[in-house]
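Alright, structures below, take your time with them.
Each of the next two complexes has chain A plus one more chain, namely chain B in the first and chain C in the second.
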Partner chain A sequence: MNTVTRGFHGRRGGDPDRIPPGQYETSDFPVLSVGPTPRVDTDEWTLAIVNEAGQALTWSWDAFMALPQEHPHVDIHCVTRWSRLDTDWVGVSLDVLLEDVETTAEYALALSHGGYSTDVPLEDLTDGRAWIAHTFDGEPLAPEHGGPARLIVPHLYFWKSAKWVREIRLLHEDDPGFWEQAGYHSYGDPWREQRYQGD
Partner chain B sequence: MVAWRPATLVAGRWESDSARTLVLDVPDWPGHRAGQHVDVRLTAEDGYTAERSYSIASAQDGDHIELTVQRVAEGEVSPYLVDVFAPGDRVEVRGPLGGWFVWDAKAPDPVVLVGGGSGIAPLTAMVRERRRVGSPALFRVLYSVRTPQDRLYRGDLGSPSDGGVDLFVAYTRRAPDGATRGPGRLGVAEVNTHGFPADVAPTCYVCGPTGFVETMADALVALGHDPRRVRTERFGSGGGT
Partner chain C sequence: MREPEHVDANVLAGPLSEILSVDLTTAERHCAVCGAEGVFAELHVVADGPGWVASCPRCRTLVLRLVRTADSLWLDLGGSGTVRIRTGP
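Right, the complex of A and B next:
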């Protein structure tokens, strides 16, 4: 039993099947990032997937936008405790991007403009569970939310959904990213409350 | 699992009409670095829990930590912590948390701190830790706050005894009587005047609501600061309950 806080009643509500433990629902879209927002022009934007042999597949903005687009409708959960339900995105599935990539790697490191990075097991990016998204709620993704394009991996805490993504590097060994080196959990499952190292 | 520890309120201190500093006793507190935060868990009689994150506002001080809570009218947790939570009452905390938005008390580099509203709390921890360790690092603090009544840590932040710490307060809604600066938002020119120039390579820390942090971080970059030396912490508008 936890320590009871005298006189605290709290508010009930929130669907326990959709709001993970320790989270609360918000209708806002708060921002978590560690530095200034990079402004990346789509004329200069590229996305690369680099396999463990160093071979890269690269898309320009136009080539990326010409790929098959999906419309994920997902709940998102930030480690800073907000959850937002029923968000709508448009983007390209990682399954599409990885189709022609030869790899036996088990890990992926997402690298972003601005120096941010985060690591994810490669299998968590496949089977329709991750996208590179460029549109949120019908609008081009704003820079402070990771535009022009960000990774989204909604089944993990949202810091894994790297903003301003420019490269997905495939690796045999796990390589902790920026947040993970700063103390966040290496996997980050919101349903198991894997917020910090050791959780 | 990072362990939850019981924490008992030792004292409360009003910082403004709507903000109260909680002095918590946390047995076996491992110590913290200035800028870090804690998770706070409140448990109702029936086992219902709510968790929130708060920045630590105090320097290292044995088993005591101080959190400043701003009351959010529709909030679930903050009205309780500001208005009801009394000495002897208990919550649980875990931490310290966060390894990036921290000031290294051994670092000699000049420091620019830019705080908006209650975002001044972790920056105040840095000023207090500097004082505690007797650091010679030069600090310049820019504090954006609505009115003189909303200003936190009066008499402490900007104390004349803190040699080497300059404080500039920008009132955005209402300035004190007789002030030469009328109310208005912090602008690039003021960040330039009251911060350090980019060529002395200060470490910059910006904390506050999302829009404020976006604007200030952009201003620092526009003034030539290396984005890697601009560390930010944002409160989403939905995150401050």
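Right, the complex of A and C next:
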């Protein structure tokens, strides 16, 4: 049993234009998970986008990697109050993945290996604001950080950036995810400190 | 390769005491999924995330979610199987 808490290197303050209220800047990348790390081999990995009619578009790893790749350089903000600036990722924009999806849905539910889920308004996954990322800081995304691929939605608290994502389900009605069912905010804007329901 | 760090479920004694009149950590537990028998305190708890998440030490099934928000404690015991709290000798 591991009962040791890792060191945490953070500092208060920082650029108020980039550090949302209530956050600390850190150069670490803390590992926050709700359970064991799923091990997903890229040979078996698939990503599906399923529309409200149940129609699925599915990509294998090779098909996913053949899509146009982007290099988002973004700040990320965890609801546990750490923020990390200037992170570098490589991944596929949700705009690309949604291009051929027929939908009038307003919500998306990201579903992950290991049972995690989180809900996001569909429009927050569009217009260059969300990616399925497979590379962090020039290296393949480590399993503990969500590899082989995770959702990143950096303008929302980072619990919305589901690790080990396997499906994006499009819905007409909002369907609360893992933390949203347990009191966390349905939207999660770090600049408005939308941590909990009612914030 | 790092796994999420976990502690035992004694860490939940404090927050649970705010909403329960019994000490759940000493209760006997039967896992609904794998059949494991044990004590509630033996659950694996990941405590450094947005909330506490407890899982069965044998099959890793989610047993409990506990979140403290500004004005509430949210408790989800939906996957726990059964918990026996002895009330007599």
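Basically, the second predicted complex is superposed on the first by the 186 of 199 C-alpha atoms of A that agree within 3 Å, B and C clash if a C-alpha of one lies under 4 Å from a C-alpha of the other, contacts with A are read in each partner's own complex, and residues count from 1 in each chain.
Methods note: contacts are C-beta pairs under 8 Å (C-beta built on N, C-alpha and C of every residue); 3 or more make two chains touch, one makes a residue touch a chain.
A quick note: this is a predicted structure, and the numbers were derived from the prediction, not measured.
Participant: By the touch definition at the top of the document, which applies to A:Thr80: first (chain B), second (chain C), both, or neither?
Facilitator: Both partners.
Participant: In the overlaid three-chain picture, which partner chain does A:Gly115 touch, first (chain B) or second (chain C), both, or neither?
Facilitator: So A:Gly115 meets both chain B and chain C here.
Participant: According to the contact criterion defined above, which of chain B and chain C contacts more residues of chain A?
Facilitator: B
Participant: With both complexes overlaid on chain A, does A:Thr37 touch chain B (first), chain C (second), both or neither?
Facilitator: Both: A:Thr37 reaches chain B and chain C.
Participant: Tell me which partner A:Tyr24 touches in the superposition: chain B (first), chain C (second), both or neither.
Facilitator: first
Participant: Please indicate which partner A:Pro68 is in contact with in the superposed arrangement: first for chain B, second for chain C, both, or neither.
Facilitator: neither
Participant: Give one of first, second, both or neither to describe whether A:Gly138 is in contact with chain B, with chain C, with both, or with none.
Facilitator: So A:Gly138 meets neither chain B nor chain C here.
Participant: Which partner does A:Gly183 reach: the first (chain B), the second (chain C), both, or neither?
Facilitator: After superposing on A, A:Gly183 lies in contact with both chain B and chain C.
Participant: Once the structures are superposed on A, label A:Pro16 by its partner contacts, choosing first (chain B), second (chain C), both or neither.
Facilitator: Neither chain B nor chain C is touched by A:Pro16.
Participant: Return the residues of chain A at which the contacts from chain B and from chain C coincide.
Facilitator: After superposing on chain A, chain A residues 1-6, 30-37, 80, 115, 144, 178, 181-183, 195-199 contact both chain B and chain C.
Participant: Residue numbers of chain A touching chain B in their complex, please.
Facilitator: The contact residues of chain A facing chain B are 1-12, 22, 24, 26-38, 80-82, 114-115, 144, 178, 181-183, 195-199.
Participant: Mind listing the chain A positions that touch chain C in their complex?
Facilitator: Going through chain A, the ones touching chain C are 1-6, 30-37, 79-80, 115, 142-144, 159, 178-179, 181-184, 195-199.
Participant: Touching residues of chain B toward chain A in the complex: what are they?
Facilitator: That would be residues 1-2, 4, 6, 41-45, 47-53, 76-77, 80, 84-86, 89-92, 97-101, 210, 213-214, 217-218, 220-221, 227-228, 230-232, 234-239, 241 of chain B.
Participant: Going by the contact rule at the top, pick out the chain C residues touching chain A in the complex.
Facilitator: Within the complex, chain C touches chain A at residues 1-8, 44, 46, 48-51, 53, 55, 60, 62, 65-67, 69-72, 74, 76.
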